[in-house]
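Both of the next two complexes hold subunit A, though its partner changes from subunit B to subunit C.
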Partner chain A sequence: MSNKKLLQFFGVIKTMLAILIAMVLAFLFIMMVSKEPLAAIKSFLTGPFSTVRRFGNLIEYFIPVCFTALGVCVMFSVGMSSVIGEGSVFFGGLLAAWVAISSGFTGMPAKLSSFLMAGAVCGVVAMIPMYLKLKFDADLFVGSLMLNYVLLYLGLYILNYVIRDPDVGMTASYAIPSGAVLGTLFKGTKVTSALILAIVAMVLVYVLMDKTHIGYKMRLIGSNMKFAKYSGVNIFAMCMLSSFLGGFLSGVGGAAEILGRHNRFQWMALPGFGWDGILIATIAGFKPKFVPIAALFIAYIKTGADIMNRTSDVASELVVVIQAFMILLIAAKGFLAGTQQKLIVKNIKAAAAQPAESEA
Partner chain B sequence: MSEPVLSMKGITKIYGNGILANDKVDFSVNAGEIHALMGENGAGKSTLMKMIFGIEHPDEGEIYCRGQKVEINSPTDALKLGIGMVHQHFMLVPSLSVAENMVLRSEPRKGMFLDMEKAVAETEAISQKYNLPIDARARVSDLAVGMKQRVEILKALYRGANILILDEPTAVLTPQETSELFKQLKLLREQGHTVIFISHKIREIKELCDRITILRSGRSMGVYNVDEVSVEDISRLMVGRDVVSKIDKAPKHPGAPVLEVKNLSYGYAQEKMMLKNVNFSARGGEILGIAGVEGNGQRELIEIITGLRPIEDGTIKIGGKDSSHFTVRQIRDAKVGHIPQDRLTYGAAGDSTIAENLISDKSDSPTVSNGPFLSAKKIKDYCTRLIRDFEIKCADENVLVRMLSGGNMQKVVVARELTGDLSLVIADQPTRGIDVGTAKAIHEKLVELRDSGVAVLLVSADLNEIMELSDSMIVMYDGEIVAYFEDASTLTEAELGQYMLGVQRQTEDEIREVCYEQ
Partner chain C sequence: MNGFWSVIFSAGFVATIIRVTTPIIFASMACLIAKKAGVRNITIEGTMLVSALAGVVASAYLKNVWLAVLIGMLAGVGIGLFLGYFHIIMDTDIWLTGIAINLIANGGTVFAMFAITGDKGSTASLASLTVPNINIPIIKDIPILGEILSGHSFFTYLAIVSVIVMYVLLYKTPLGLRIRAVGEYSMAAESVGENSNRIKLIALALSGMFASFGGMFMSMSYASRFVRDMMAGRGFIGIAAESMGGGHPFGAAFAAAIFGVADALANVLQSFSIPSELLLMIPYLATIVGLVLYSIRRQEAEKKRIQKMRQSNTVKEG
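Showing the complex of A and B:
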């Protein structure tokens, strides 16, 4: 086995094992807290497939996190971590609602303008922390994290003072006009046409990152920025573009969520899809082609936890514990490093024993 | 003389990325000797020393200290065994005084506070004991480099080290500081201390050391008494090629200047000027060598010409056009190839495949792309051709560059840089640390390009290489050009050495001759 394959194989094994360990821990936890642990585990594992509506829930959750995870893949490809996805998904949802409410368009133009506005504005906003990083060496992680809260409070201001419907008892925007609401694809679910959009986005991002010279340049920056600079890659332009696309995708994800599943915009806090996007992208190894699988998996355990919460005595917060364990194990470079090292040593020695073959 | 105080048997270390840093290395030092550890960059010297000092752990092999088998898992373990290390980059707190640095981690206390007087007294005591005078109350940031190094040595001694590892200690020192350091080290030897001295300066080792262990690509090439081995032998063992290797080349036919550098100065923001009013031009059809001891401004010069470092003062013209403020891309578009001195920093991305490395500068050109889309077929064809032409030994173009040997890695860099339409090639240490065969192939390629009318600018610390390959030569010393030789073939090594070490310099008029007008 070549070293590259060995390392790839190990990456997959590590991820699977991390998931397995996290699940086992979760089950141990359920055993401890639940009076009927087996019923709880059963509803957790099989719940998402028990009815069409529940499976619908899974797909409904899958849609926005697909966008945010793809955004993370693009943003992280340049080797720097911008976590603006969370703020973007929130602000994208708000902008989509705002445009739909106030533009007066109906049908396709209403949807298109909402999505484009959400994507474009969030894309531009996402470029701010990257600009500060490149021009003033301001920490990108901190900058993007803070900007999430700027977006949250700016969004709440707009919600309260611009698009709030005074006639309803709670804090909520005016109703989203029916012309802008996305149609559902399957009866009995709220799975909307945004699913098609998500699939299109997956294909486009995959092609962009793996098949064009633009994606190649971004990845080159990520693997060795000095080498990229030496090779003549325009670091500034590529990093800004990656941030724009990341923000754009997350913004569109927020728009898809609001126009698909909500009558009014009424998020009062960050919805969490952006953080889940980072989680999913991490599991997918930041490769767009693995995003669908990782997103489906996370959607599955989220939905399962939700059902368990409603049908048993175990709280759905449990799923957060599982996620935390998985991330720790997947992200931890040292996890299984000893075994990996032994394998590499063995492999190299075997190769050294047959120099003719390894050189050929 | 005496029995080994420290020995390593069959040490193998493979890093997580698959690099074989040490391969069954035996290493042993006797009590009371100064033992040199020599080898080129990447030969495995640092790795070996890190294992003695507990920073890395060997995958195979055993370490014995004073006859006992030991496990060294951390620098603390090493210190307990009396092993101290003076790193190349000092591990001192610049804002604290010498005494405070000395006692760090074992501070004498007066109640809750540091007992400054006691710290000073202890520092002075140790300084007197070893006859290494130092001002205990001075702030470390105010000390000269040589003094900082002395603090490091004292610190190791203070902690009870009697085996001292010095990692390229002279790299940062002036000649005076170096001879002072040598005196100190000889003094320590008289007092029974053992010194492991890492260096790649042959002269210093000849002067200072008793025995020498030579490493080459992770393997030990043997242990020798310094008195009994010649400079030629050492360099042959270290580099793995005979000192004189003839390169056949036809007489040069210089054309118009391709690269013109005028009044280039750099370093206004640094402590000292790295380049002082540098003027020269490189003509097509000629190999212009830049000789000089490393660190005399060559690196800055090359980085400015290739657009990696912003220009501060002066102008650069490539092909008659002012390129002073060109981006790297614009410079590459002006048909410039650049072999950088640091393969894995600038020359390649180790975690990317050979193919990704070969197309890094032309991913958007029709050579490998159709419009915005990378063409898998074109990339495959292009890479297969380069792998064949430059004889890169690999399974295929999808192998990670990190997995290649140094020589093959360099072939990837050279293949990328020397393919295509070129008017200027900048080769910075193009054959450092690689095997004879590859070095020869690279030399032949450079001569071939020169014969086809390309201007070649060659920077090398390898005297043999620069003397054999260059048609003309300039010598850099302390940021300046101190000599120009229109015909480099008549130059002797001794003559060149005089200029490189700053003993001699030509007159301004002689140096000016290197500027050819368009």
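Showing the complex of A and C:
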């Protein structure tokens, strides 16, 4: 086995172990707070597979986080952490609803214009903090985070003053016209045609990042910015493109969520899909080809936690804590580093011994 | 708009600025000491949340506000060390560690609050205590000045003291020198026998402590209960204030006060029938603008420095 393969294999083992530890931690927390811990754990683990509708929920959750995770893969590939995904999902959802309500289109043009508007605007917005970083060296993390709050309040302003339906009792937009609502793929669920779009996006991002020179340049910037610069890579253009694509994908994810699962836009806070995207991308090692597996897993524990929240006395927020522990353990280079080192040394020794034997 | 100016130039408005600046000062001090040791601490927001809840819950059960403050402080120190363990000992990416710890704080406080009170919104059902306000003798009787300076929360005065303490700690004590040496170039510090990991952990523990004061101010003084997500980005605004302050405690406190003005303005303008959503954007927009302005200034200073160096070099050569 070559060292590269060994490292890859060890990475998978490490990820599995991190997930296992985090899940054990989850059960410990449940034992601590619940009066019926076993029932809670059971609904957490088996809940998502108990009915068609619940399994549908899992896939429904899978769709938006797929988009945000792909966005994170692209954005983080240049080695800089922009957390604009969260604000982009929110604003993308809002723009999609706005366009659908006020454009007057029906059918395909309505859907297409909503998606494109959401993606394009969020893409451009996502470029702002990156521009400030590249031109003025303004902190990207703080800049993108603050922009999330700006997008939230700007979105709430648009919701309250432009598209609010005064005839409903709560704060909600006008109903999204049926022409713009995405069709469902499976009966009894709200799994919409956005699933196909998500799969297409996965393939496209995979090809872009792994098979084209654009993706290669982005990853080169991420691994060694100076080397990329001296090799003639246009750092500015590539970083701006990666931010645009990241924002675009997140915005489309928000649009898919709103046009697929909601009759009206009524998010009053940031929905959290952006942070899930960072988690999923971390589990996937920031490689687009592993995003589907990681996203399915996160959708599974998220849906399980929601069911547990409804059927037992444990709050679903537990899952956020568990997810965060997964990020910590997977990203920790020191986690199992000693074992990894021993394995590599053993492997090299074995490889060094082998040719000697074959020569003899 | 006549009413607007009379509100702005009132003693009450200045007092409001001081009040809303308090948590941002604590957050910026927390960021500063970690940064001086070479660690970008973005977990301040989460640390503030956890300490805010810990203080409220402890005060409700112990019925002693100072013991509660101590427990909230320990919670903050604990999170600082937790960050240190993962970032320094386990060699985890600082941004991912920070994001993860903020998520833990966000979800964990709601999870714990629900387990304790059965409510996911706030701890209104707990009979928690608040930290007393302090009236300064003599000053409180002076008109205007008394209204501005006296009667603030214990934490507000602690914030002002902590800026001075931070200055003394960083520039006048051996520990401060060690922290700055490790942050500047940890290998050089290690070459003279310094344990840089230990110094970084101490700095992060102190960082957690300062953040905890900011959190407890929010839940035990500004408001009298814990509400989910009640920091609303103040920890992050503190990070921005620190980077605008040019790495000095007084600069950071001054920048924090600018954000305090933005925050207080947003508060005051709500009575002038301007949509509240737009007003709530002000502090965040101010943060972005401030970050950019500071970065431009720093770039220009750097350019000037290089120019100066070139000039003095040519003089020597001539």
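To be clear about the criterion, the second predicted complex is superposed on the first by the 343 of 360 C-alpha atoms of A that agree within 3 Å, B and C clash if a C-alpha of one lies under 4 Å from a C-alpha of the other, contacts with A are read in each partner's own complex, and residues count from 1 in each chain.
Everything that follows uses one rule, which is that a residue touches a chain if its C-beta (ideal position, glycine included) is under 8 Å from a C-beta of that chain, and two chains touch if they have at least 3 such contacts.
Computed from a prediction, not measured in an experiment: that's the story for all the values here.
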Inset, instruction - Return first, second, both or neither, reflecting whether A:136 touches subunit B, subunit C, both chains, or no partner chain. - result: second
Inset, instruction - Quick one: classify A:95 as touching subunit B (first), subunit C (second), both or neither. - result: neither
Inset, instruction - Give one of first, second, both or neither to describe whether A:324 is in contact with subunit B, with subunit C, with both, or with none. - result: second
Inset, instruction - Have a look at where A:224 lands relative to subunit B and subunit C in the superposition and call it first, second, both or neither. - result: first
Legend entry - Partner touching more residues of subunit A, whether subunit B or subunit C: C
Inset, instruction - Quick one: classify A:59 as touching subunit B (first), subunit C (second), both or neither. - result: neither
Inset, instruction - Could you look at A:308 and tell me whether it touches subunit B, subunit C, both or neither (first, second, both, neither)? - result: neither
Inset, instruction - Would you mind listing the overlap between the subunit B footprint and the subunit C footprint on subunit A? - result: 337
Legend entry - List of subunit A residues in touch with subunit B within their complex: 2-4, 211-214, 216-217, 219-220, 223-224, 226-234, 337, 340-341, 344-345, 347-348, 352, 359-360
Legend entry - In the complex, subunit C residues that touch subunit A: 42, 86, 89-93, 95-97, 99-101, 103-104, 106-108, 110-111, 114-115, 120, 229, 232-233, 236-237, 239-240, 243, 275, 277-278, 280-281, 284-285, 287-288, 291-292, 294-296, 298-299
Legend entry - subunit C-touching residues of subunit A, taken from the complex the two chains share: 29, 32-33, 81, 83, 129, 132, 136-139, 141-143, 145-147, 149-150, 153-154, 156-157, 160-161, 269, 275, 278-279, 282, 315, 317-321, 323-325, 327-328, 331-335, 337
Legend entry - Interfacial residue positions of subunit B with respect to subunit A in the complex: 12, 14, 16, 18, 20, 59, 306, 308, 327-329, 331-332, 338, 340, 345-353, 356, 359-361, 363-364, 368-369, 372-374, 393, 395, 398-400, 403
